[in-house]
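Look for chain A in each of the two complexes below; its partner is chain B in the first and chain C in the second.
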Partner chain A sequence: MARQGRSIFALTVPTFLWLTVAVVLPITVMFYFSFLSASPFGTKPASLTLDNYATFFTKDFYSFLAWRSIKLGLLVAALCALIGFPAALVLSHRLSGYWREALLLLVILPFWSNALIRIFAWTMVLREQGLVDQAVHAVLPWAPSVGILYSYPAIVIGLVHSFLPYMILTCYISLQAIDPSLVDAARGLGARDHTILRRIILPLSFPGLAVGAILTFVPVVGAFMEPRILGGRQGITMGTVIEDQFTEVFNWPLGAALSFILLGIVLAILALCYPLLRARFRLG
Partner chain B sequence: MKLVASCALSALAAVAVLVGTQTAALHAADGEVRVLNWKGWGTDEPWAIEAFEKETGLKVVHDYITSFPETFTKLRVNPGYYDVVVLNAAFTQQAAAEGLIQPIDTSTIANFGVLFPDLRDSPELNIDGSNFGVVWMWGGTSVSYNTDVFPEPPTSLEVLWDPKYANRVCWRDDAEDSVRFAALATGQDPDKPADMDKIREKLLALKPQIKALWKSGDEWLKLVSAKECDLSTVWTNNTEAAAVQDKLPISFIVAKEGAIAFRDAMSIAKDAPNVKGAEAFINYMVSVPFYQGWVKVGGAPVSANKEAIEQLPESSLTRTVLAAPEALPRLNFKGPLTDEQRQSYLDLWQEVKASFAQ
Partner chain C sequence: MSTVEIRGVSKRYGSVAALDDVSLEFADGEFFGLLGPSGSGKTTLLRSIAGFVEPDRGSIHVGGEEIARVPIYRRDIGMVFQNYALFPHMSVSDNIAFGLSVRGIGREEIRARVEDALKLVRLEGYGERRPRQLSGGQQQRVALARAVVSRPRVLLLDEPLGALDKNLRQQMQIELKQIQRLVGITTVLVTHDQEEALTLSDRIAVFNQGRVIQAGTPGEIYDSPRSAFVADFMGEANFFIGRVARRQGDEMQIVLDDGAAVMASGPSRLAENAAVRLVVRPEKMSISASEASIPPHHANRLAATVEQVVFMGSSITYRLNCAGAEVSVYQQNQDPPRAAEGGAVWISWRATDTIPVDD
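On to the complex of A and B.
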């Protein structure tokens, strides 16, 4: 028993150490900063205050932007699920061998390029006289020009593309784990495809779908690069507002407070979903 | 609990080691000149560094900023680390007052005598008889226009609000410049606008006009190359580079309401480890060969060196539009802003951008 305890200790220490240095320490420091009345490293003496948190409630546009970021997160997560789940289903249940490996590789491939480069690539595809526009005009020369760059749909397209692989991979792993004999048994008992999907495949793969949705929703709520580059005058999000506090005016306390408010909102949403998740994951 | 405590201790030890190596690096600076500047703003031109290093045997090491407030943070947090600091002249007094930069012995700067006297001797750079910054470059932020769309250059800032160019304006995503432009357009002092409500309304009225908001010069160039905009608010040197290097149909104006201008100077950090190296570097940066080299590769603003300007081609936009005698009085050199102004400008600009998205 003691030996097992020691090996568990030895195996987990590097992870805990890394998490402490890379995650817990910076977040603790930022949490502390969010209560300061003046920036750290500044000339003014700083005292503890709640003003930075109060600022969020005194200006209407903060709550508007927070709500906008959350809607964006929900929309992107939903679209990723709609596109990603069928793709994962085909990968896990319809394909095998060489084709499956090749397609999985294609799903993972975007991860190998820099996120910024992918976003700039989208600007070339989506702009007027870009690839989409030219393709449409090759078929329908009389169609009006299609340039959706610098609009809200452009932001959504860029983000869905960025996060789709997470959804496909998490769904794929859940779907892989479903025993094929369950499907055969259902079919043997006369269940049709949509019944099998609804009664067996969806419930059993729900954990993958839920994890994929969380992995998409949480980062999208804080996204700032994609909206700024693709969104034009639609490009402001809670993420860009926080970024500006850090880089433009060096108001770290306000930037930190806004980040923690956003984090609080995200955690509250996840907490609301917890009963549903707990039932599905068979926790507790 | 014990585990957590030991993790925290090891983490602290790791941080201590990191800090230790940083301090060690502090004391090995003899053959180096450490420069703090914007990325891609002249001092880090590879050919220039090569020429300087060859001439002096000193190695140039750069650290970069993304805003002037960041310069202050870096100088405060790393005293005795930097040698040369590029500062907007509007910030020089504040830096000197805080004891972040030191007086410069101008007799060691051989090119000091050929700098434009009114730039060089400005009270912003000379405090109590001591020089705290050698004026280096100046330039403008103004309205650039597509010369195919405008056979005749526009004359007023109002063109940015003209419904004819709805959805054709690429605006620089910067709180301070936005407020300054709106102040000029509403006839107010861009350093101390009296009526902020008027400025808010003027900026809100931009909504139908804006095609894109850009941050870096590279983003702007991509927009203009793709013909996304007929008009932009942008630095004049970027416009000139786009016209000369990229052969785009573009030029800029100094509108009748005025344009925004800046002046950058080079200062020596307090307790700089290599003052002699810093003086040599500043002297090279204000020299004619450096400016000629920068003009050749493109993107150069206007040199403070009189001889360097006289050697620019007659046709250059810098000479014919920006530094033209009739335009000079309409340039509003940026004065210092307080931290409170800066924050209130950012709040206002974010509110305006939020309304663009509504």
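On to the complex of A and C.
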């Protein structure tokens, strides 16, 4: 017993150390910063204060931004689900063998490319005289310019592209796990495709859809690269404002406080969804 | 009318002929057993009837109607899958109600019919449970209730009892038969348990390598197998090889390879001097300690030595050596054992119990 306890201890210590160094320490430090009246390492002496948190609640600008970021997160998660679920369905239930593997690889491929390069590639595609614009004009020469770079849709396109693989993979995994004889059984009982989708496949793959939505929603709410590069003046989000506090304005305490508020909002939303998720996950 | 007519159905998967020119007819209300070794095409035939498999050739008629162009959801055929395929996210009631609700039947009627179906399979009070919370036998009954509740024209059962232990299996066999009689539905049962097929079926078809080897009533299949394969597959069989020495009407004398003569009686296509393989069922043979005590109506008698005596409870199995061939004999456990291991005995049987078969 004692020996087993020791070996478990020995096995888990590296993990805990790593978590402490990589996650707990920085977050604790940031949490501390968020209560300072001035940037650390600065010339002004810093004291403890709640002002940074108060700023969020006194200036409408910040709550407006937070709401905008949440809406962006919901929109991107919804679009990812709308595109990703059917894609995963085709991958798991319509294709097999070579084609399935090839397409899965294509889905995962964006993971292996640098995010920055991916986003800049989108600027080439979306700007005026960009690929989309040229393609449209090749067919319809008289059409007005359709460059949508530096707009809200451009941000959404970039984000959906970045996070779609998560959605496809989580949906694919839970769709794969559905016993094909359930689909046969439903069909034999008289159900048609849309009924099978609604009453068998969707409920049984809901966990994948939910995990995919969370994996998309959470990072999108705090995203700053896509809004900044693809959004131009439209690209002000909670994420970019926080980034500015660290890189441009050097107001680390405010940046840290806003981060924690955003984290709190996201956790609150997930907590609200938790009872629903738990009920659906249990059916497994 | 829910007769099923299968005419010349073939299905290939690559180089494998899963079904090879299969023709069968299931009468209205009949309980038909499909029996055969693994990979012989039983499931493929069932799935062809249900519509999950599209045959390469041949036609299937249900109630006189060709169903090749009828989509699965309108075929009106109930199926119980080997693994039951119950919907894990629905309650037992919702599972049973599924087929009714997709047909747009009213809520009240669904409730009443689900209630009836639960009663039929003796699961009243289990409606709110999830399939996971049921035992194997109970899940099997839910699958059966789900398949029959919409009163399909044909019920297809793919090894429905395969996952159950022996006792539960026998109990479920009885229930299955009762339910089928009650509902009166044309039923096709796939199994590779020959006892199950014999117990449940009105008629049986024995499959091998995608072909129907023989079809008939359980009695015909068991007592008059036409081939060595069927004889061997349906229970234990003793084989003898010989040559037809003499024929007179239905009476035949066969000389075995070791020179012993055996009588067979019954219709046969064999000509004199033809090579023949004979089957004798172990329970049709008797063992006698001396030639004098052989039952007088037993026309066939061979000397043998006992190699092994196996006590089986209700019966005793003797394994004997008869001129180099291995022979099994079953005797009811009524009399004291007639021979001990190593003893010299006589085995005997009636001429009508000698079955000539094709190779």
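Some notes on this structure:
Rule of thumb we're sticking to: the second predicted complex is superposed on the first by the 268 of 284 C-alpha atoms of A that agree within 3 Å, B and C clash if a C-alpha of one lies under 4 Å from a C-alpha of the other, contacts with A are read in each partner's own complex, and residues count from 1 in each chain.
The definition used in the following text is that a residue touches a chain if its C-beta (ideal position, glycine included) is under 8 Å from a C-beta of that chain, and two chains touch if they have at least 3 such contacts.
Predicted model only: the values in this text are computed from it and were never measured.
If you put the two complexes together on chain A, you find that chain B and chain C both fit without a clash. A simple residue count on chain A separates chain B from chain C, and the partner touching more is B.
Of the two partner chains, chain C is the only one touched by A:R199; chain B is not.
Contacts of A:R187 after superposition on the shared chain: chain C is touched, whereas chain B is not.
In the superposition on chain A, A:T20 contacts chain B only, with no contact to chain C.
In the superposition on chain A, contact of A:D179 is made with chain C only, not with chain B.
In the overlay built on the shared chain, the residue A:L272 is in contact with neither chain B nor chain C.
By the touch criterion stated above, A:I117 is placed in contact with neither chain B nor chain C. When the two complexes are laid on top of each other via chain A, the two nearest Cα atoms from chain B and chain C are 37 angstrom apart.
Of all residues in chain A, only 9, 13, 16-17, 20-21, 25, 39, 41-43, 59, 61, 64-65, 68, 120, 123, 127-129, 149-150, 228-229, 231-236, 241, 244-245, 247-251 touch chain B in the complex they form. On the chain A side of its complex with chain C, the touching residues are 179, 181-182, 184-192, 195, 199-200, 203-204, 283-284.
Chain B contributes residues 3-4, 7-8, 10-11, 14-15, 66-67, 69-70, 73, 76-77, 98, 173-175, 207, 210-213, 215, 219, 222, 226-228, 339, 342-343, 346-347, 350-351, 353-358 to its touches with chain A in the complex. The touching residues of chain C, counted against chain A in their complex, run 50-52, 72-79, 81, 83, 85-89, 98-99, 102-103, 130, 146, 150.
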